[in-house]
Amino acid sequence: MIKVGIVGGTGYTGVELLRLLAAHPEAQLTAITSRKEDGLPVADMFPSLRGHVDIAFSSPDKADLKQCDVVFFATPHGVAMAQAPELIAAGVKVIDLAADFRLKDQATFEKWYKIPHSAPDLLEEAVYGLPELNREDISKARLIANPGCYPTTMQLGFYPLLKAGIIDAGNLIADAKSGVSGAGRKAEIGTLFSEASDNFKAYGVHGHRHTPETSAQLQRYTDQKVGLIFTPHLVPMIRGMHSTLYARLTQDITNDALQALFEEQYKDAEFVDVMPFGSHPETRSTRGSNMLRIALHRPDNGNTVVILVVQDNLVKGASGQAVQCMNLMFGLPESTGLKQIALLP
Amino acid sequence: MIKVGIVGGTGYTGVELLRLLAAHPEAQLTAITSRKEDGLPVADMFPSLRGHVDIAFSSPDKADLKQCDVVFFATPHGVAMAQAPELIAAGVKVIDLAADFRLKDQATFEKWYKIPHSAPDLLEEAVYGLPELNREDISKARLIANPGCYPTTMQLGFYPLLKAGIIDAGNLIADAKSGVSGAGRKAEIGTLFSEASDNFKAYGVHGHRHTPETSAQLQRYTDQKVGLIFTPHLVPMIRGMHSTLYARLTQDITNDALQALFEEQYKDAEFVDVMPFGSHPETRSTRGSNMLRIALHRPDNGNTVVILVVQDNLVKGASGQAVQCMNLMFGLPESTGLKQIALLP
Amino acid sequence: MIKVGIVGGTGYTGVELLRLLAAHPEAQLTAITSRKEDGLPVADMFPSLRGHVDIAFSSPDKADLKQCDVVFFATPHGVAMAQAPELIAAGVKVIDLAADFRLKDQATFEKWYKIPHSAPDLLEEAVYGLPELNREDISKARLIANPGCYPTTMQLGFYPLLKAGIIDAGNLIADAKSGVSGAGRKAEIGTLFSEASDNFKAYGVHGHRHTPETSAQLQRYTDQKVGLIFTPHLVPMIRGMHSTLYARLTQDITNDALQALFEEQYKDAEFVDVMPFGSHPETRSTRGSNMLRIALHRPDNGNTVVILVVQDNLVKGASGQAVQCMNLMFGLPESTGLKQIALLP
Amino acid sequence: MIKVGIVGGTGYTGVELLRLLAAHPEAQLTAITSRKEDGLPVADMFPSLRGHVDIAFSSPDKADLKQCDVVFFATPHGVAMAQAPELIAAGVKVIDLAADFRLKDQATFEKWYKIPHSAPDLLEEAVYGLPELNREDISKARLIANPGCYPTTMQLGFYPLLKAGIIDAGNLIADAKSGVSGAGRKAEIGTLFSEASDNFKAYGVHGHRHTPETSAQLQRYTDQKVGLIFTPHLVPMIRGMHSTLYARLTQDITNDALQALFEEQYKDAEFVDVMPFGSHPETRSTRGSNMLRIALHRPDNGNTVVILVVQDNLVKGASGQAVQCMNLMFGLPESTGLKQIALLP
């Protein structure tokens, strides 16, 4: 059994990790830290876990995370970079669900996240945890930077086209929509029920941290200069993410060939479902599951391809993907503990 | 492996059965019927099942349900009574999720459901499928009447008090609230998003079919004449049921003793969670799981007990309970395939 | 024009007052205070008011509230009691939407609200602002205690029966459900979208501040000792309140006579709509309007009457009722500025 | 008083017309037809109108629509074209909220709506009812084609840029999102609460009827060939529409100049609110009001302009705009009866 520690288990990615790991046949929850909730049984905070998780939160100084085989950081940005070096030195693998190691370039990180990076030496070593594009490196990694939720959809959606070199990489548009849980479990007026319900809005259109992360990753797959317009929106639903991607074709290609490109690319990816051409995937078809679904469209058979991508932002967009990385890091089948079927309706 | 057939798999209890059975380690989906959708792969209708369920709907005349070990009826009232006799005669076990066999009294059935009963001979044999109160009989049954969703909460909430003989059985009030999925997957104006969202109302206050079912069952446990006021309401949420039960104590009893009564009653019930006295269970703590949670209150320490009961109306209130019955009927551990943790948030 | 001041305009009752008063033909918004938002144009915080409200928040020390004819307090408990005495002394009428003057008994107030009362001398003078039961006194008042949202529904629902002396006043049950806006515009985890959406729960079952308020008011209308069980619940909708009231008849009475009792009682009440016997009022039929709707039921024609009451908790349950009081206090027709039709769907 | 008739008042645009017209100081509801609901008081179907609307539905053959000054068609496509000719001949003005007269080209209409056009002679005369771009013609019209909800946002958003000739008209993208009420009050599975809630999806990406309507209108304002990609999505909210528009600048222009272009264009438009540059308008800021809000963005100060446009799809996107047209046609101030403030929260 893999001994697992979680730092910061009181947020949504934390409780989702708990749900997945409590049912994981090869993982054993060993420690979960929270300074504020020291001593509180986890199931008292999250009654959904009554009967499934019987450990309590412990304060960081008491928890001996070094006895773990792997530690997940489900924390705000800045925490993992402070604690990862010591854990890694002690032989513990680290998976960070925040952004501390997502950007290779320290200056870019500091510009977007407004904090100095305290572990720049690890930036080079950290592996970007998107298994469908990075499986080999993940399986050998000591430190994983788990991708952002939006970037997961954008990369898996644009990648086959970029790699094939048939689109204008300088002119990508991602109009993305997220459920409210993406904003986290923080007491804020903007995400109150009475503010976010029966409402729809864009946010951060002037610049969002997921733009540099996605651009940098996409740049790895093309010689063209990547240009990406990313517009996030808030949807009155708890879970779910829908990215509507627009790319301009630079070559003649049939719809069948387009479809084949995606099917071929993801034929061994257990968690990427390429639906029939012209489908309209629904976010709820992934609710609670680690599946990401893609469908292609071509309005008026013109030179714009529209790629629809859906996932559960807390699973494939966060905690499920982190467990998928853990499975790879420990030599387990990639889908171990991740076979939940989406909850519909 | 238990060979399973489903009649009527296009509704919400049907797709929920599919979700649970597709992941059940001892069950094999063998046939699923739908006259209207003959030939359509199930996963085309419910994309959440892509990769998990690969059979197609078949019309009732083509499907050989007699080759199954058990057949679930996830149909409107009236279908199971027509087909069950022949299946049972052929040695197939039957679990009806509708009301055909819930009422022992034919006249009462016909009064409330407005259709003649075509299999009255089976009424006596049919076993009411509430495992916590009826485990023994279920395990030996050929024909199960799976309880209604509301009645499950009312019975498990009132039972310990009734059995102990400490309340006025003639004066029970159940103020119950259900998510919209309880109304089924039927094209009707009243349950459209734009009608049911951001809204709350009572319905059927003059008389609901779950009243006679519940009264008849409760009457089994007391010599007093049961009198029940049942008021159902529609909540703008997909899944979830919350029953707020009121009973008048007829004897002195401490809160600790009340709590002990419930804990003792359900100490071996894997799917009934008696929470600490004075808790406020949330429906979402059961979302997607087969758990039912109960909490007791006693306002002003007076002689009224308030019992709060929550469950997922599609799982413990319908398809999960049906699978729980199946497990008992086939000698499997009661929780086989039913260990899903609730999805929260 | 009535010069109107608002203290504390950044919450939901505040913005609702702004919506109503901005369209009120006899009112002129003169000052609105907020220590934190001093200088911020109101419409910057609430873009729905762009083009309708052009004043800015000012800090309490700058705002000269004494120049107003009336001041509304849309503040947390404790603020009105501190400022009302000076305003009243200066000839300004005061309407408090919080609880400071709702309870006549100082000790009861201090027990439930956990703060000392700083203006006990005004408790006697303060008039409880429920126009349908108190019109005369309101029209002569200097200081109004605007009723709580739940108490409004409970009083208007039980009153005709209590006054007629035909129910057991010691055995009243109110199972009430409120939209989330009732919890206010405060940054708290419990009312986040991801916590409150797709969920239902009871809260405060052990004791809620609206119980003593309601009991004390109801006691005015009967010689029996009032006994009230009040169970509030949180509904995943923004606005709306539905109270399901249960009372035991102590006398024979026909359903027609029951219905007549309510129709007669409220025949001149512009904002109370007694629907046909056996109706199921929906909260959305009052969304954004000052209307409260009542419908009567009598299950099985037994001795329990079920009274269904709906209103918009922010309008008739708070700001609309406050404006209704203002109209009476200034000799205007009661419905001035309150004729909005509910928004449906 | 303007005598008003409504054909087809049982849908959402119908009930919204009723809400607006019942409060309109110059309009008198004279007749409302529904074959199915003949004789039913309107307020029995929509209790929100109790006390405000006291007429009943009448069957089309009984209603004498020719006595009206204006008749609104809130019907499915095909009804207005059948009845308008006779009404117009009798001197009655007609406002069609469906698509019968939106497309000038008969063949295009028949291709997209799959029905023959029975009144092609009126296509030329019909005036497209978008007051901000067409005020003059509307005020003289006998027959109004009220714009689609999506096209209203796309036209008002792209127009100032197109007219200024500073964007590539051949490369417009509109990623649009609508509340569920846009699908109408029809009994269909796809818009049930349990299907549409807590879910998000695109639909009709291969081709939507609002594309040719919008393209044809936009084409009037530019010599370039208009090319428009339009992607509609369904948002789990009742009312509200948010269009995110993307256009490529073909000329150097400062952000200030861009902003000035929009402010100048709409400075006299009472129902178009150009918000400060970089704002994020919320749909709820228009809920129940006839206001449309626009905000401009320019990511990375590059050559893509992002225009965010919000409105209430049932008001400015349908019935409110229709009343706005009526006001112009009868020489009333454009905002008569349309001053409702949005309901927030």
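Just so it is clear, A, B, C and D label the chains in written order, and each chain counts residues from 1 on its own.
The rule is simple: a contact is a pair of C-beta atoms (placed from the backbone, for glycine too) under 8 Å apart; a residue touches a chain by one contact, two chains touch by 3 or more.
These are the chains along with the protein names UniProt gives them: A, B, C, D = N-acetyl-gamma-glutamyl-phosphate reductase.
Here the structure is a predicted model, which means the values were calculated and not measured.
*Asks:* Average the CA atoms of each chain to get its centre, and name the chain whose centre is farthest from that of subunit C.
*Replies:* Measuring from the centre of subunit C, the most distant chain centre belongs to A.
*Asks:* Between 0 and 180 degrees, and as a multiple of 5, what angle does the rotation take that fits subunit B onto subunit C by Cα atoms?
*Replies:* 180
*Asks:* Would you kindly tell me how far, in whole Å, the mean C-alpha position of subunit D lies from that of subunit A?
*Replies:* Centre-to-centre distance between subunit A and subunit D: 39 Å.
*Asks:* Could you put a whole-Å number on the gap between the CA centroids of subunit B and subunit D?
*Replies:* For subunit B versus subunit D, the centre distance works out to 45 Å.
*Asks:* Would you mind pulling out the distance in Å between where the CA atoms of subunit C average out and where those of subunit D do?
*Replies:* Computed from C-alpha means, the inter-chain centre distance equals 37 Å.
*Asks:* Considering subunit C alone, which of its residues make contact with at least two other chains?
*Replies:* If we look for residues of subunit C contacting two or more partner chains, we find 12, 179, 181, 185, 194-195, 197-198, 236-239, 281-282, 284, 287, 345.
*Asks:* Show me the residue ranges of subunit D that touch subunit C in the complex, using the header's touch definition.
*Replies:* Contacts found on subunit D: 12, 15, 19, 22-23, 46-52, 181, 185, 197-198, 238-239, 273, 275, 281-282, 284-289, 291, 293, 314, 339-345.
*Asks:* Taking the touch rule as given, give the residues of subunit D at its contact with subunit A in the complex, in rising order.
*Replies:* Touching subunit A: residues 173, 175, 177, 179, 194-195, 197-203, 205-207, 227, 229-231, 233, 235-240, 242, 244, 246, 278, 280-284, 287, 297, 299-300, 302, 304, 306, 308, 310, 345 of subunit D.
*Asks:* Mind pulling up the subunit B residues that touch subunit D in the complex?
*Replies:* That would be residues 12, 179-181, 183, 185-189, 191-198, 236-238 of subunit B.
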